[in-house]
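Heads up, the next two complexes both have chain A, just with different partners, chain B and then chain C.
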Partner chain A sequence: MEKLLNRGVKSVKVLDIQNVTIRFGGLEAIRDVSFSADEGQLLAIIGPNGAGKTTIFNAMTGVYQPTVGQILFNGKLINGLKPNQLVTMGVARTFQNIRLFSALTVLENVMVGSQCRSREGLWGALAGGKKVAANRVKSIQQCREFIEIVGLTDYLDELATNLPYGKQRLLEIARALATGCELLLLDEPAAGMNAVEREELVALIRRISKELNKTIILIEHDINLVMNISEHIVVLDHGEKIAEGTPGEIRTNQKVIEAYLGSEDPLEQEVV
Partner chain B sequence: MEHLARFTLNWRNKTATLVLLAILLVIPLLVSNEYYIHVLITLGLFVILSLSLNLVSGYTGQLSIGHAAFYGIGAYVTALLMLKLNVSFLLALPASGLVTAFFGLLLGLPTMRLAGDYLAIVTLGFGEIVRLVLLNWDKVTRGPMGLPGIPAPELGTYIFMSKTPFYYLVLVLALLTVLAMRRIVNSGFGLSLIAVSQDELAAEAVGINTLRCKISSFIISAFFAGVAGGFYAVYISFVSPDSFTFMDSIMVLEMVVLGGLASIPGSIIGAVVLGLVPELLRFMAEYRMLIFGALMVVIVIFKPDGFWSARKRTRNAIMKDLVARNMLDGKTVKPRGEVSESA
Partner chain C sequence: MDMFFQQLVNGLTVGSLYALIALGYTMVYGILKIINFAHGDILMIGTFIGLVLVTKFHLAFVPALLVAMLITAIMGILVERIAYRPVRTADKLIALLSALGVSIFLVNFAQLVWGTATHPFPANIGGDPIILGEVHIGILQIWALGVSLLLMAGLHLFVNHTQMGVAMRATSYNVDYARLMGINVDNIISVTFAIGSGLAAAAGILIGVYYDAVYPVMGYSAGLKAFTAAVLGGIGSIPGAMLGGLLLGVLENEGAAYLSAGYKDAIAFALLIIILLIKPTGLMGRNEQQKV
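Moving on, here comes the complex of A and B:
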């Protein structure tokens, strides 16, 4: 009944996870989890260690395949697609443990990201010519815009490996944006950042969400950050969804409080 | 000021290139000794081989120790086409490149599942299989006796009689290879190849079809090695399995590694140095390989990154090119060394 109503009123979900179960041999990492993200929404997935956050993330990006259930992107079934195919459809991600191309410069990292939209190919590269050059100019300018957005313009020609840790995370976001994604998945974007960097990151994520109008799903351990920026929160524990709602609802949810060590106010504790 | 500096640099680079080209063009006029010309021709072949292997092993990061197989396939295809089917050299050369490229595709397929040492073993096996087929397929290859009497190339009515035209031909082929490799490497596709060699998972996550990249680089690499083989066949006018052994593969790999992985000048210098040293040591007869081995050890100790290692990347080559052509401004970029660490 509710489903029918929703279908009539709301537009297609950007991401729709339907009853997904992921098994590794006998281990059930994710059990019958469903949730969805609307266009332009900023959704967070939280949960204690080992709750299955990264596993469900990997399923969304094609690294793992759901054993049971469906994942829809803009109404299209994306089970079984490879990571690179998903990127060309509009799903981009960052990694929990930064994975940049360390021997490439900042600009080149972002250029690699924009590569999936370029139609230059090998023959274009070999033939050269005005048209190829014009496309390259356009592409580099776009890359520079993304670098500008994350505030790394001063580092354009610096090797990625020489960037401070926090800036490497920002570069990963720029690289993901350069793929022209519609849905951006951030895996613990604030990990290893200091307080100042975190503040900058929050501002950046807000900007990407509002100005670039991207749908964002993020996994994060920093509860303050999550409560601060997300519009909708999904809580996982032991591979199951135990709660879902606005930050206010999650804060007072009894199950969530229990999951976080059963303390009186776990959210405060987690902050440290 | 910056403009002037850039202009001078471009000018200096261009002048250096032109001078080098002029020297290469007049060498046959100044050198009358056939042996020297022969050495130069073999160096040209080594340059093509090391550049082509550099694409796979240097840029894409796939260790291949079966490169001589491509060289051999190219040589036999040209030899058979010209001997048995009377195909003209001008057709046989590109044909051998294309046939070899197909074998490049075949060798590229295992990269779907294999990487690193395991892939190296497959390429080693490929090299041996090709050699054994050439050695045992008597009806076609005449086995160990080889294929003699491959006709000299003809361009119209001109027939290649002396070493000089061969020199110019290999020069053209080597220059074309350098140009093609430069364009391939300094492109979005080239960046994708480096990305694949750095981190395959991350490359997939930004939309690169890593398998396609790896197979493409094997195909391109095989094409150029096959063309080099085709040239070798008509130049020596005799092919036999002895010329395409495991040791030849290792030799080319040494050129790439000692020259400097993922560096075009490196591959050229590596080919020239490692091609030249055994010739220079020829007076020592059988002791020369001993000295050669010792030299290699010394080089690896003192120049572990190669003669001309891929220098630390700074300004991206594509962007540099566009800025030089005034199609893009380079203003937004601070010069290197002024990066402040704001934490």
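Moving on, here comes the complex of A and C:
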């Protein structure tokens, strides 16, 4: 807290990454990276392949631990916590390679997400009772609402594996929302989506940001999408932060242009 | 034809007990990918607990069954904490050795406390058998079949219709994904061991009553048959364990009746080999896919 005050920060950041370095043996995947996200902010992390984007996501979700540095969530140090503890605290994510429970239905997948908020317990599940049943009905109702938000109501009882690729990504978002998260991490949500699906995704992310008031951090390769949607952009290259700022600032940042693409007007070229 | 139906009844009775035990193997395998070789011995201890409750504490059969299930469930949790959790990240072979260690310990513990002799199980369940034509359905068979089917139906409801059940299936699908979705995997594993051990205690007590025999190495044969049933049905699959158990029970009894009773075990294992040759994942097993 003292440290935050010394730096002149008035409100506590939802996420504050302070001088984080992540080493795997001799390989330095992340070198001294710092950035933060304010409440309700829509922040994007961009960078070429191998820049360390997913690595930093993994550090935020307890999969990796920072070798050096601190990660604070709502002012609390989260280094060393396990992934499931972080989900319970309010950090949820989706994955670059879709990681659904493919043998479970759409509704069941979202129920898995909501499980960390459930106080059913073993005894409740075995013994039942009115209160347990009522809570379960309420919880399933909430799950249905999240499924409706992402537009998968028609697929409620379909097995996740039978959904088209783009819809599987949406299901991951619904599942993440069902954890009751405050901070939502989206790892390349538009990958593999067609133009129409992308447009719908942009609308969905905006809605989650504004209506559900979630803080969102997004990794994305589609520069148009990033420029269009994000309020703040962090650029990583070879594990280092080379720039950060508004989309306008990033678009004209010489360092980004050089490192990221190395041509005259690269950010436009990236869009295929 | 009467013999066929008589053996069908006998087979379903034994098969439903195999199924109850097989569920414990399959649920643990589904999540931890290890075979809990101490499962049969947990069953044996559960049976002795039931016996003590009936003979020393003079409990009626049903309360004794329930209390023994509860105590054995707690024991299952302890076994996992003590013997499996510390070696969870180590090679699977280490967990296997640890399981064998638990097995040896439990058998010797039972021999120390209750001796090596065979004890009768005075359950005081009386009643006339149901007679349909020439087919006799004994009162103990009705109990065994009824209790097992009830417990399996309960498990089915738990796994498919409660949040914890869904979490358990998710964990069984992929432990890492489940953890990333906020599921406390350690708790789920404890619950899995508790349920598996509780069901084993119920099966053990029913076996003890059915054959009127309780002894320290009874878990060996029961465990081996149930393990066969679990593999037959597709290890890791809950409906598979139920199906495998019933199928094994029926086929080995029919086989014993029409071929020779001496071939009973041979039939069971020949069946296992044939099914694994045709369908290596078992009847309802799913292919383990390695994704990058």
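One rule holds in what follows: the second predicted complex is superposed on the first by the 263 of 272 C-alpha atoms of A that agree within 3 Å, B and C clash if a C-alpha of one lies under 4 Å from a C-alpha of the other, contacts with A are read in each partner's own complex, and residues count from 1 in each chain.
In this section, a contact is a pair of C-beta atoms (placed from the backbone, for glycine too) under 8 Å apart; a residue touches a chain by one contact, two chains touch by 3 or more.
Because the structure is predicted, anything quoted here is derived from the model rather than measured.
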*Return fit or clash for chain B versus chain C, each positioned on chain A through the superposition.*
clash
_Which partner chains sit in contact with A:Pro83 here, chain B, chain C, both or neither? Use first/second/both/neither._
both
*Residue contacts on chain A - larger count, chain B or chain C*: B
*Once the structures are superposed on A, label A:Gln41 by its partner contacts, choosing first (chain B), second (chain C), both or neither.*
neither
*Could you say whether A:Pro164 touches chain B, chain C, both of them, or neither, answering first, second, both or neither?*
first
*Examine A:Leu104 and indicate which partner it touches, taking first as chain B and second as chain C; both and neither are also allowed.*
both
*Do chain B and chain C touch any of the same residues on chain A, and if so, which?*
61, 63, 82-84, 87-88, 92-93, 99-104, 108, 111-113, 115-116, 118, 120-122, 125-126, 136, 139, 175, 179
*Going by the contact rule at the top, pick out the chain C residues touching chain A in the complex.*
158, 162-167, 169-170, 173-174, 177-185, 191, 194, 286, 291
*Which part of chain A faces chain B closely enough to touch in the complex?*
61, 63, 82-84, 87-88, 92-93, 95, 99-105, 107-108, 111-113, 115-116, 118, 120-122, 124-126, 128, 133-134, 136-137, 139-141, 144, 153-159, 164, 166, 175-176, 178-179, 194, 196
*Residues on chain B engaged by chain A in the complex (per definition of touch)*: 180, 183-184, 187-192, 194-195, 198-199, 201-210, 216, 220, 312-316, 318-319, 322, 325, 327-328, 332-334, 336, 339-341, 343
_Residues of chain A that touch chain C when the two form their complex_ = 61, 63, 82-84, 87-88, 92-93, 97, 99-104, 108-109, 111-116, 118, 120-122, 125-126, 136, 139, 175, 179
